[in-house]
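As written, the chain order gives the labels A, B, C, D and E, with residue 1 at the start of each chain.
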Amino acid sequence: MSPDDSALRLVSAGNPAEAGDHADTGDHAERFRWFAPGTHITIRGLTKTFGDTVLYEDFDLDLPRGKVVSIFGPNGCGKSTLINMISGIMDYDAGTILFDGKTARETKIGYVFQNYREAGFPWLRAIDNIRYPLKFLRLTKAEQDARIEKLLASFNVSIDLNRYPYELSGGQQQLVSIMRALVIDPEVLFLDEPFSALDYEMTLFLRDKLQAVLTEMQVTSLLVSHDLDEAVELADEVLLLTRKPTSVAARIPFDAPRPRNAETTVTPEFIDVKTRSLEIFQREVRKP
Amino acid sequence: ADKVKIGVFVASSALPYYVAAERGYFEEVDLEVEPVFIGTHPLIVQAMVSGDIDAVSNLVSLEGANINALRPDTMQFIALYGQNSEYVMEQFVVKPDSTATSIADLKGANLFSAPGPANLGAAKASLLASGLGEDEFRIQEQGMGNHIGAMQSGNFDGGYTLEALASIMVDLGIAKRLETGVIAKYLMKDETAEAYAAGAAVSGKLIADRPDVAKRFAAAWAKAVKDANDDPSARSLLAEMKVPENLTETVPLAHFSMVSDLSEAELGEFQSFVDIGVDLGVVAEKIDVADITEAM
Amino acid sequence: MIQKLRDRLPAMGWLQPVLGALALVAVWAFVNLVEMVDPVLLPSPKQSWAAFVEGMTEGTLGHDFLRTIIRTMSAFAVATVIAVPMGVALGSSSRLYRSVEFLIDFFRSTPASAMFPLFLVFFGIGEEAKIAVAAFGAALIILFNTAYGVMNARQLRQLAAQVMGASRARILWDVTVWESLPQTFIGLRSGVSMALVIVIVAEMFIGSTDGLGKRIIDAQMIFNMPDMYASIFAAGALGYLMNLLFTLLETRFVHWGGK
Amino acid sequence: MIQKLRDRLPAMGWLQPVLGALALVAVWAFVNLVEMVDPVLLPSPKQSWAAFVEGMTEGTLGHDFLRTIIRTMSAFAVATVIAVPMGVALGSSSRLYRSVEFLIDFFRSTPASAMFPLFLVFFGIGEEAKIAVAAFGAALIILFNTAYGVMNARQLRQLAAQVMGASRARILWDVTVWESLPQTFIGLRSGVSMALVIVIVAEMFIGSTDGLGKRIIDAQMIFNMPDMYASIFAAGALGYLMNLLFTLLETRFVHWGGK
Amino acid sequence: MSPDDSALRLVSAGNPAEAGDHADTGDHAERFRWFAPGTHITIRGLTKTFGDTVLYEDFDLDLPRGKVVSIFGPNGCGKSTLINMISGIMDYDAGTILFDGKTARETKIGYVFQNYREAGFPWLRAIDNIRYPLKFLRLTKAEQDARIEKLLASFNVSIDLNRYPYELSGGQQQLVSIMRALVIDPEVLFLDEPFSALDYEMTLFLRDKLQAVLTEMQVTSLLVSHDLDEAVELADEVLLLTRKPTSVAARIPFDAPRPRNAETTVTPEFIDVKTRSLEIFQREVRKP
């Protein structure tokens, strides 16, 4: 499906009653104008509270199709919560999330959880954990095997994938978690601090790998990372969030040609984006 | 052969059934009788109501009267088993070293009773009739399985129990009989009268639907009843009825009689027994024994 | 319209627990109405309810009810006090548990009614025997659940406490007990139902002058079915209420469940 | 010396389960020896063992044993097949569970022996009633445990499966069932013991021509204490063995427990 | 206790029988010579296998008193396992760990687990989680409060510490975990990727904080980090590990004056240490 023929469809989740109310009241109606071609995920009027703390209030966001957006924001600002709401596993109080013609459930989503340790299935061996999401793709056994083969070959991992997750080290578990997210060739990929436990070498390798995959396959991606170099290097756009109640502090595009590598990080453009991001981030964090 | 399902409560009062089965009296009348062993009285009555059984070898007669009072013509007794001090069944036992000679001496005693409102009621009424006051004794139901333990453990001075348990206690030397046949003596006021506490019955449905089968069943039963009363060799079968082997020769048995053999006077005794049941609250309302017996 | 109903639904939360009871009564009424079962054997809900109300207001049902509650609570209290600490202790070493497992599984699989004679020997014929045998049965199931809660508890937090310098006893108390709390609550709920069941059976078969069990067996003996079902209903409802209490306690204390 | 003993200790692992049994027999023998209890009420272990051996070799104990096993297994199989899926389904929605909770807690708290009349009405007086009532009792406890296992299961893995595109049913089957497995095993073990207990009680009171329960009540009636304790012992040991089977299955299948 | 009067004491854990055997056979006996003053933790002949994979075999290591040692090694090489064995919460097959006059249990240990999400107690509020280890220090209530006060003041955290751990974001949980390790003024501190989930600002803040605390209090520390800059910046010595079976690839001292900061990272010395570390690490990782 090309970005242009995308049907406009409202998809609401969360408390259906309230979400419906919002969409109908006309209060926000003008926001649901036709939005720029190339937008994949649209969020409008999102509101989420925990008890009496307001995390998001009337939050709007567009995520472009086939691009990598890096989210950079302070701890506890709601990055994981945002991803959870977009991917449809967390309810929200009000608002609409539009998935460009499809619901979250109809979309092939890859999600590397921040809490990678608990997201694996301990009753399955690592390899079966990776294979698991293929079940839902209507592939033949042979096709499944081929996918796995290809993935393993391209990762060339040294882990014994016949072990159970609880027999793996933290980093190995995270790697398995990443492979599980990638094996389905997702349309949308959520990466919540995906390299936090990986070693130096593996992190570099995966950054390259991911860039290659994401640009080749045009996967709409959302990356959370606290490593600014990493965030910028991988991003088509850096999204800076404020402290809660969370809003978008700035969106800084970064168009350096791909593949990017260590050399990219010394270009003036990179340094500019990084410096601006840092300034905004620190300004936001230090706000009283 | 016609099939008849008979509920059997495993106790010495089921002897006629075992005799009939053992000696082939049912085959003689071309009946195929299948026993259904049931461990609690109320469930026997229930099985009769629900039609799971067509007959019962030993039904507590007050329960039979009760169900017919609640639901007329559920069953009819064809035989009644009498008990008194000659045909010993219910009785008071005391510790072997007790000095009591009659239940009137049980002043201040702590007693157990066989379970159920009928038993407890009869025991209490007997004690009261013997002249004891309401608060001069204490009595408490105990499951039959607990009687020996209750006696042995010293928690009780004595109790109201039934055969063959009493014989076992006496045999073990942990109790002695104090007074037997107390229902006849104290409640019916006639020591020689028989308290017809149990009997064999057939369901009203069997009589209505297959009168001929009921008749043949009664005939076979009559033969078995005769043997059970008169033929000592039948006693060897008691071993199957929760009677220890060493006691089969001596354990007292009820007096088995077919309803058809009972005299007007004897039926009158039965009526007064049922009336006692009404007084005890065990039989829902007054009922004529003619409505619960069938001479066949 | 539908919108409004939806808005109200959460507010009707209190209805949910009642649904089950309503369904039960409905099925019962139906079975009775079409006379699937002889009405002498299964009276109508209305008759039973009448018997219940009469028993409560004019009769002795209230008294019997109270006696059974007291016995059950005593038995359950004894069982909890003994079994929870023992379960934690045994569960903290799976070797230790393996050595007593035979006893626990053995007695869990033996009917209380078969144990009556033995308990009568040790506790006499009075109230104590009934409470003791019920406490025994409840303690076994509480012990079993608590010990498994402790054995299945995740290791990491206990190790964290150990590194911080907690002694074995402290770890048990500060961490393991908490980790096993959801399982312990299941044990307590199983235990309280078990205590009630055994108390009723004991009232039925070990001599007793009052209590719901005695009432049930008496009603059964004289074929007073409305009264029997009224008593059974009282027993079941009592069991539900006691369970409800623990459900409330659990949601209050185990707020982190599933997280 | 001590070194050697230590080396051997793990090898003596098989001794551990036996310890409990040995302790039980030792206490029993002691109580008997010092005549704490009249020997008429509590025979010696030796007498009971003799009765057991005789019952097994010459008598009908073996037959009764087998009958009870068959009944228990049938009841348990029926209970498992019904209760595990139902438990998973009910547990997957706590709203749903709340609406049937009344029924579950109600019947869990009602003695099987009080339920006999009702079951006889529906299942007749034969074998079916015994199996049905035992299956009912076992199913309740299995259902209860399974549902709570599902309700207390951690969320994250289920959400992970949801993101991967698993349907509700798939999540239930692929994730929730596994998450709740340790609790389900506890339920199965509680259930198998419960089935055995109810089968024995049914054999005692519904009347039966064979089975351990019938044997126990007969022995009790004619005061054949050695035989009674031999039968009780057989019942308890049977319960232990069935539990053991599940323990073995569990260690085999739930390898990730506590991790 | 000064490093010099430290009593030599053998402390063995793991399978007592086998460990004992080892110490007695004389085979390794000459290794247990008096070791250099200033050594705090001594590991000799450590062997650890998982099933049939050998992780450590006959592994020796000395950790200096009051210094920060950064461990740098590939995923799954056994860093977490090593710390767990040293801190006494994991059995080992053979070998001896000497804690310079004390057992691990007698030592005040602070440990920030790699798996910070599961190490907190969900039944305690964050503040009570932090307070918990104080229980074991024989302090009065007032002293405990004072410690907490001091800690909170010096961290100046913006988290609501009255929340339960499961109500906190990943980074917030990790911060709580770090505070819990520091509140006792530990003699030995184990940090297993302690900043992996913290945001940019917080990471920088904590690096400074930690340096200050560790050098002031002379805490013997072991830091695992996959961020080489971080590892070197904080270290008195970088310890490089090989892939499994694990051994020490190199130990590179780094003596730059403290406090170190962003400026340190551009000194030639820093760059030298970093470059050498990286070379060795990559050589080791790429070994077939």
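Quick note on the criterion: contacts are C-beta pairs under 8 Å (C-beta built on N, C-alpha and C of every residue); 3 or more make two chains touch, one makes a residue touch a chain.
Everything numeric here is computed off the predicted structure, so don't read it as measured data.
With centres defined by CA atoms alone, the chain at the far end from subunit E is B. C-beta contact counts were set side by side for B-C and A-D; B-C has more.
Between the CA-based centres of subunit C and subunit E the separation comes to 49 Å, rounded to the whole angstrom. With centres taken as mean Cα positions, subunit B sits 83 Å from subunit A. Work out the mean CA point of subunit B and of subunit D, and you get 37 Å between them. In this assembly, the C-alpha centroid of subunit A lies 32 Å from the C-alpha centroid of subunit E. In subunit A, 115, 118 are the positions where the chain touches two or more neighbouring chains simultaneously. Shared contact sites, meaning residues of subunit D that touch two or more other chains, fall at 38, 41, 117, 121, 154, 204, 220, 259. In subunit B, the residues touching two or more other chains are 42, 46, 50, 145, 149, 153.
Remark: subunit C residues 16-21, 23-24, 37-38, 41-42, 95, 98-114, 117-118, 121-122, 141, 144-145, 148, 151-155, 182-183, 186, 189-190, 192-193, 196-198, 200-201, 204, 213, 216, 220, 228, 232, 235-240, 242-244, 247, 257-259 touch subunit D in the complex. If you check the complex, the residues on subunit E that touch subunit C are 84, 87-89, 105, 108-109, 111, 113, 115, 118-123, 132-133, 135-137, 164, 166, 180, 184. Residues 37-38, 40-41, 116-117, 120-121, 124-126, 205-209, 214, 217-218, 220-224 of subunit C are the ones touching subunit B in the complex.
On subunit E, the positions that touch subunit A within their shared complex are 50, 53, 72-76, 78-81, 114-115, 117-118, 158-160, 167-172, 175, 193, 196-203, 226-228, 243, 278, 281-282, 285. Remark: subunit B residues 41-42, 45-46, 49-50, 63, 66-67, 70-71, 74, 112-113, 115-118, 140-143, 145-146, 149-150, 153, 155-156, 281-282, 284 touch subunit C in the complex.
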